[in-house]
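After this come two complexes, each holding chain A, first together with chain B and then together with chain C.
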Partner chain A sequence: MLYIQLLVDGLVTGCAVGLVALSFSYFYATTGIFHVAHAGIYTLSGYIALHFVKLGLPFVAALAIAIAVAAGVGAFIQVTLYARLEKRGASPLVKMIASIGVLTVLQNIVALTFTPNILQFDLPWRISLVHVFGIGLSIPQLILLIVSPLILFAMLAFSRWTPLGKRIRAVASNPELAETTQLHPERIFIYVIAIASGLVAVPAVLVGVDQAMQPYTSLLVLLTAIIAMIAGGIGSMGGAFVMSILLAVIQSVSVMLVSGRWSIALVFAVFIVFILWRPEGLFRRNFNRQI
Partner chain B sequence: MLKPRIGGLIAAALISAYASTALAQETLKVGALLPLTGPAAPIGLEQQQGVQFAVDLANAQGGVNGKPIELVLDDSQGKPDQAVLAFNRMADLDQVPALITAFSSISLAIAPLATRREILVMNPAAQTDKLADASEFLINTIPLVNAESQVMTKYAFEHIGKTASLLYENAAAGIAGRDDFRNHFEALGGKVIAEEPVEFGQTNYRAALLKINASKPDFVYIAITQSHETMADQVGQIEGFPVAVGNTFSRPFFGYPSTEGWYQSAIQSNNPETRTLEAFKAKYGTKGMGFFAREYFNATNIVIEAAKALSAEGKELSGVNLRDTVLKIKTFKSPIAEITFHTSTALRPVEIQQYVKGTRKVIEVATPVAQ
Partner chain C sequence: MNFFFSFLVLAEIFAVLALSTNLLLGVVGIFSVAQAAIMGIGAYTFAGLAIAGIPMPIALIAAIVLCGIINVIASLPSLRLAGDYFIITSFGIQLVATAVFINWSDVTGGATGLSGIPIVEIFGQKFVRAGPFLILSSIALGVVSLSFWLLMRAPYGRLLHAIRQDEIAVVAAGHRVLLAKVGVSAVSGMYAGVAGALYAAYIAFIDPASFDIHVSILAVTMVVVGGARTLAGSILGPLLLLAIPQLLALIDIPSTVVGPVRQLTYGALLIAFMLWRPQGIAGKSL
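Now for the complex of A and B:
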């Protein structure tokens, strides 16, 4: 039973990381920008929801506002920073360094506005346990477990069957051609970052409700998500999501076999072995952008 | 040959006269090297309030030497490498003779520099045992983990159980806590049956807690410095989690249904007199004066008291003189604590507290044996 509990905990963590990986991957595969500031948007959206819950708004409304604010901030970053850098012919490295700068700014804005203290949501239901087949899950964990795969399938469906999803895929596969065929990549990039930023608000808020929030810890979440994205196959949302779950489960269950201090090292070891065995990632995708 | 010699003598006389005037008018500069940004910032900002409040209060009363004390703040970001850079800035640009530090890893990183630059470093909160002899210029106003652990372990062995599992923060203070607990507990005849590290600032403890719970000890020793509230929540989600014991940093565990009956050791640290406490609350808009604010306030006052004593004797406010004066005064009494320096590390009474029905019940008070 202990192993099953650890496995389920890993599964929940993996779902949260999976949404971060999926959203990061979606933007990266489309634009080629290593959007480290995604971690800053993750942080910001959690605190936005906390703020509105404190003001007395229902949790669902606070979550919706957090998603909207995250999408807006993402679009703002694209318009004011990435698009301008692109016009000036900045290399991917320059864009990544600029993104790190945005991350630092966002984290410090959060720390200055909300305090750098570890904060928790004042929601009585957040620590209540629900038992599913004898396994105890907190309500936010249960929501994550249900909502995350739904978001994955919704994103896959959106990408495959909606006109906007198809346009985004077209831009991702060949930006130059998209430019000449009037697909307006610069506009598409704004949509993509808004979607990715709105998506990342979901795990940010739910993990914040389940555990706690601090302005400076989201980078580690993003790092795990990036590993999952690479191992899953860059450009594959499903691959990033599945690998996130796999890595999180390994990390959680490995605690029973080795000391917790080795669990992150174990994740990296699995990643290295995996990438040596299958360098293109779990799900092969044509990804020809300069990294 | 004669002219340069006379010139040299005149120059020396002028420099000497200038130096003595400068000495008489010397301003005390106190540095505070604290984690003002990064994951440790919540603690650093409380520490800053304590230092700032002490300096403001002293300045309102005339400062030292009739001159206001100058506070030089710098941000260590909670990182030893940044702390070393900040230390050098303080030493080279501001030429502080004394500074207040925070966190074990940072204090250990700057200790050799303190020795080399002869700058007094006051440590009011870091507790790793290595700080005892890290530098002859490092003074610890708080007993180290070993001393506190000695008292807690004895109580736990005699009254709680003979088998323990350890949950500790994988950083200097947590590791020292783990080692000291293990050493004292096993020396008494107790048995450590499991141990598990967690990372600083972590908020998901479920896997570690499940592992510790599965080891079925009589009690769990917990040595973490952050995220207690989150851990308390997650302990509450694990059925039958054993009773836990902690140290001074375990204070935030108090007040949760899941931590009812838990124990902690605590360095005796009281509130200042009512007027000071009220002034602090009014200034910072807080409900009280937290542990770190109290300890940093008190440690800054110790430096100021030493500086005043030096000033009265007409001596230079140097790091060497400040250190020697603190150790010479030896006992510093305040409502917060009575601190005695038999060595460069203070000896202070340690309380064993238990969380009982919404109160911290003091069960025992003991002063650790100096080792």
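Now for the complex of A and C:
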């Protein structure tokens, strides 16, 4: 029974991390920018939702506002920072260091406007348990389990069949050709970062409701997500999502074998061995961007 | 005056750490956000041995050697992994190290840290206050700086620059890139070991938060603001960045917001320098 509970816990965490991985991967595979600030947007959107719930808005409205703000901030970062750096021919390293700067700024703006301490949502339903096949799940966990796969399929469908999704794929596979064929990569990048940032607000808010929030914890979530993305093969949203769940389940079940305090170290150790053994990821994909 | 000396000692210790980061990040182009972790290993080694009663020179040498070895191991994945993959490994090493500092409480004292590190004593002279300790840290920074300066002028230094610019060309020219990278990782690790031992000896108290990811990012910020690849940059960066908290202390703001405001300033500086002056104050372009 305990194993099943741990398995389900891992599944829930995996769904949340999966959405982070999927959204990071979408932007990274398109632009090649190592967007560490994604973790900052994760933090920010959780607190935005908290703020509007506190003001008395219904939860769904607060979530919608958080998604909108996240998308806006993402687009702002692209226009004011990444696009300018790109125009100046900055190296990927420079862009990433700037991104670390944005992450630091966002986290500390949150810490200053709210508090550096732990905060919880004031929602009575957040702790009520629903029993599914004898396993206790909180409502935010249940929402995560249902919504995350739906988002994955929606993103896959969007990418495959809609005109914008196709344009994004075209830009990702060949930016120079996309430039000459009037696809306007720089405009596409804004759409991509807005979509990715809006998406990351969903797990940020739901995990925030389920557990609690602190300004500085999001980097660890992002790193786990990036590990899943690399292991799943860069450019494959499905791979990133599946690997996130796998990693989270391993981490959750490993508590039975090693002390929980060491589980983060375990995941990273497994990752380092894995990446040395198979640098192209579990699901082979052509990703030959210069990195 | 003691206040000012204390600031100088810390700036010198961080200049040593900045040089360690500069060697990897600026010179060979291996992005590392784990130098504080290596510095922490040096500090814990030095502190643990010194508390156990081992003579300080031996503790210092042990810290330096161990850090050199561990930094080589930590950099090994970069020999096989390109760019972005290694960034993640580097973040990972930092997080794993912090987890070890917190959880291996038998050795590290856990989250509460290690206190009671003995006072440095040479020829009966005790180095308690910042003034006398400044002599020690200046000597250490002097030695490290000299070695950095010599390294940059040696043929080996030119080889390192060449590796950053075009690794494939260097291999084609018949140079052993692997060996060069292992060597530079060892030197960088040894610098971090010096910084760690000095820090432990000066503050006489260490805890996991002294060597966490924020400190690693601070070291990167120091290199970026001061300027990559130059000696002057790695000394200017720490002086300027550590002056910020001193200035914040002059402004009357509540003590609870000092930390976030300082971090916010560092983040804003990173962005500003990347946008308008990627070469830093006294460096060369990244």
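Basically, the second predicted complex is superposed on the first by the 284 of 291 C-alpha atoms of A that agree within 3 Å, B and C clash if a C-alpha of one lies under 4 Å from a C-alpha of the other, contacts with A are read in each partner's own complex, and residues count from 1 in each chain.
Please note the rule applied: contacts are C-beta pairs under 8 Å (C-beta built on N, C-alpha and C of every residue); 3 or more make two chains touch, one makes a residue touch a chain.
All figures in this text were calculated on a predicted structure; none of them were measured in a lab.
Asker: Looking at the overlay on chain A, is there a clash between chain B and chain C, or do the two fit?
Answerer: Superposition check on chain A flags a clash between chain B and chain C.
Asker: Is A:162 in contact with chain B, with chain C, with both, or with neither (first, second, both, neither)?
Answerer: neither
Asker: Output check: A:261 vs chain B and chain C. Expected answer is one of first, second, both, neither. What do you get?
Answerer: The answer is both, since A:261 touches chain B and chain C.
Asker: Contact-wise, after the overlay, does A:217 reach chain B, chain C, both or neither (first, second, both, neither)?
Answerer: A:217 contacts chain B only, not chain C.
Asker: Just to be sure I read the superposition right, which of the two partners does A:81 touch: chain B = first, chain C = second, or both, or neither?
Answerer: second
Asker: Under the stated touch criterion, which partner chain does A:118 make contact with: chain B (first), chain C (second), both, or neither?
Answerer: It touches chain B, and chain C stays clear.
Asker: Just checking: does A:13 make contact with chain B only, chain C only, both, or neither of them? Give me first, second, both or neither.
Answerer: Only chain B is touched by A:13; chain C is not.
Asker: More residues of chain A are touched by which chain, chain B or chain C?
Answerer: C
Asker: Examine A:252 and indicate which partner it touches, taking first as chain B and second as chain C; both and neither are also allowed.
Answerer: first
Asker: Which partner chains sit in contact with A:129 here, chain B, chain C, both or neither? Use first/second/both/neither.
Answerer: first
Asker: Considering only touches as defined above, state whether A:101 meets chain B (first), chain C (second), both or neither.
Answerer: second
Asker: Please state which segment of chain C collides with chain B in the superposed model; the candidates are 112-120, 166-174, 238-246 or 274-282.
Answerer: Clashes with chain B appear only in stretch 112-120.
Asker: State which residues of chain A lie in both footprints, the one left by chain B and the one left by chain C.
Answerer: Comparing the two interfaces on chain A, one with chain B and one with chain C, the shared residues are 108, 111, 116, 259, 261.
Asker: Under the definition above, what is the set of chain A residues touching chain B in their complex?
Answerer: Those residues of chain A that touch chain B are 2, 5-6, 9-10, 13, 108, 111, 115-118, 120, 127, 129, 136, 138, 211-214, 216-217, 251-252, 255-256, 259-261, 263.
Asker: What residues on chain A touch chain C, complex-wise?
Answerer: Interface residues on chain A, with respect to chain C: 34, 81, 84-85, 90-98, 100-105, 107-109, 111-112, 116, 219-220, 223, 226-227, 230, 259, 261-262, 264-265, 268-269, 271-272, 275-276, 279, 291.
Asker: Can you name the residues of chain C that touch chain A in the complex?
Answerer: Against chain A, chain C makes touches at 29, 31, 33, 77, 80-85, 87-89, 91-93, 95-96, 99-100, 102-103, 213, 217, 220, 224, 256-257, 259-261, 263-264, 266-271, 274-275, 278, 286.
Asker: Going by the contact rule set out above, which residues of chain B touch chain A in the complex?
Answerer: Interface residues on chain B, with respect to chain A: 37-39, 41-42, 45, 170, 195-198, 201, 203-204, 206-208, 210-211, 214, 226-227, 229-230, 233-234, 236-239.
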